[in-house]
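Order of writing sets the chain letters: A, B and C. Residues in each chain are counted from 1.
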Amino acid sequence: MRHAFIDKYAYRDSPVHRLNPALKVAFTLGFILTLLILSGQFHDQAWLPWLYWGCFGFLLIIIFLSGLPPLALTRKVAVILPFILAIILLNLLAGSAPAQAGHLIARSLLSILALVILVSTTRFHEILQVLALWRVPRVIRLTLSFMYRYFFLLIDEAEKMARAFRVRYQGNSNWEKLKLMSVITGILFIRSYERAERVYHAMVMRGYTGE
Amino acid sequence: MHIPDGFLNLTTTVATTGITLGALVPAVRKVNRSLSPKRVPLMGLSAAFVFTAQLLSFPVPGGTSVHLVGAVLISILLGPYTGLIITTTALIMQALLFQHGGLFSLGANILNMGVTGCLLGYGLFRILPGNLSFRAAVPALIMTVLSGVFCALELGFSGTTPFKTGLPAMTIAATITGVVEAIATVSILSLLGKVRPDLLKLEKV
Amino acid sequence: MKAVEVSRLNYTYPSGRVVLSDISFSLEENRTLGLIGPNGAGKTTLLLSLCGLMEFTGTVSVFGEPMTLKNARQVRARIGFVFQNPDDQLFMPTVREDIAFGLKELGCTAEEVTTRVRQSLSAVGLEGFEDRSAHHCSFGEKRKITLAAALARRSDLLIFDEPTRELDPGGRREFMGMMREIKATKIIATHDLDLVLELCTDVLVINGGQIIARGGPKDLLSNRDLMISNRLEVPYRLRDT
């Protein structure tokens, strides 16, 4: 169950965790959008790098207040590094010195850090409440809610099936493995369908009519 | 590829978000109109399924591994509009839980993987002649390639990557992924055809 | 009054396989019925049929109300169902929302929902679990939450499908204690024959979709031939030697 605690930091407690979720989501969206606009419009201004550092300092203060472990956050932010490397590489290959590369790196790192802080201090059901408050269609919220509830179980089932396969198969053919992953995925859909039927029964037993 | 925040400029962000909303709003209306009570948990579980399938690593014959999108597959199973909503929610979840993709790049990512795979892909599936495997494999391959092309174009217009190298590199990478996506889509559908043929005949919205 | 009355109940899969044939029985109020039989006997299908979740033929009435398509909803409001797999039942993001789901549909006010959620969680020994996510709970905890969700609705009839399956012995003991405390009519489908002996007042043995035997738990469970021929066994404490 290595995925089951993917969002464990959201279940901690701190002044930042206790902030109004709508405020946190709105702030994160505003933060990322502001960076996007400013770094595009004013990339030749000398004060822009100072703004990046200012934003970074501000996020550091929030991290400090939230008591989140900096190393874990760094690890989450690092998922973006391969993308940045790929972009630099593609620019170098084209012989163009990556124009505004510094801006790109600064704003993407700051954006992802803000997102990581948001999801590490806000529980998923709180985000769903914010989406409800902002009139996001019910069908999308319901689908998100079911997805969050059940993907932990599905990934666990998939890993168990893959493990059972590895015990029996010592070969190294990627063809075989590809076919097998497809079978596992297919079975996963059948199980999801069957579970949906049982969940429906459980909902109906508690008075669900679809309203 | 999931585009993170900060990689697209404002114009591209606004344009891709606009196109995506233009597809998503009617999709939500269509799905809402025919949403039976039983369909709600089925959509939810199918979304969890797509999200899980996106997290599994599929080996590429010859080396390395890739991740599925599953948009064509789920649209063939449940219909294009349901497929688009499921792919959208899966991409939102990718961004929130794993930071694969950002918040303001969601429009572009949904356009690249959802609007292509679900709407165009399902349209292609409907008009193609031949057996189920062929009709599923072609859109799975083409739409994955298209998502790589779209991604390269969006990054190109944003001035993030040059067209000269970005376009060929991302098209090649997407083609490799597309071959795997097509093989997996066909294998999954043929497994369902053997084990639970009734699941190929679910209501398509 | 009879809590449950079933007469000539039949259910056939769309594929044509007969799952239940000619099931008739009745259960008095405040009794506990144990439903036993081998895998595939039709236990779960029978339980679902009692709640109108299967398109059966025949008649089912619960507390004198016949179960029909029209009034299924009102009849179900008096039934609490604890499903075999807690993960099927706990589908909301948090425990609070899950228990509240069944209450809002009953028309409870917000304060009443809060009170009932708290009371039912404390009845199963899980105070303060309101904001947890089901996927952060252990199996035993999830099992108790499903019971809390059923209790919160204050149902007159509680149906349990394999309630002790996958629980560790300590968890099973605790859960059986909680089941015993519930003042309601209960129907329990299970392979746990010791549980039947301890909790049930009546027993139905079903096999191949038919009722094979009915009676008191001691009489039926000590009948070696009946037990063996239906892929069951005589519980240890009822054996002579």
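Everything below uses one rule, namely that contacts are C-beta pairs under 8 Å (C-beta built on N, C-alpha and C of every residue); 3 or more make two chains touch, one makes a residue touch a chain.
Every value quoted in this text rests on a predicted model; they were computed, and no experiment measured them.
Taken as a graph of touching chains, this assembly is arranged as a line, each chain contacting the next along an open chain of partners. Of the two chain pairs shown, A-B and A-C, the one joined by more C-beta contacts is A-B. Subunit A and subunit C have Cα centroids separated by 39 Å.
With centres defined as mean CA coordinates, subunit B is found 17 Å away from subunit A. Subunit C has residues 91 in contact with two or more other chains. Within subunit A, contacts with two or more other chains are made by residues 124, 145-146, 148-150, 153, 195, 199, 203-204, 208-209.
Multi-chain contact residues of subunit B, defined as those touching 2 or more other chains: 41, 44.
Interface residues of subunit A facing subunit B in the complex, by the touch rule stated above, are 3, 6-7, 28-29, 32-33, 35-37, 39-40, 76-77, 79-80, 83, 87, 90-91, 93-94, 96, 99-100, 104, 107-112, 115-116, 119, 124, 127, 137, 139-140, 142-151, 153-155, 158, 174-175, 177-179, 181-190, 192-193, 195-197, 199-200, 203-204, 208-210. Subunit C meets subunit A in the complex at residues 48, 51, 53, 73, 76-77, 79-81, 83, 85, 87-94, 97, 101-102, 105-106, 131, 133-136, 149, 153. Residue ranges of subunit B in contact with subunit A, taken from their complex: 1, 4-7, 9-10, 13, 28, 31-32, 35-38, 40-49, 51-53, 55-63, 68, 77, 85-86, 88-90, 92-93, 95-100, 102-104, 155, 159-162, 164-166, 169, 180, 183-184, 187-188, 191-192, 195-196, 199. Contact residues on subunit A toward subunit C in their complex (touch as defined above): 4-5, 11, 123-125, 128, 145-146, 148-150, 152-153, 195, 198-199, 201-209.
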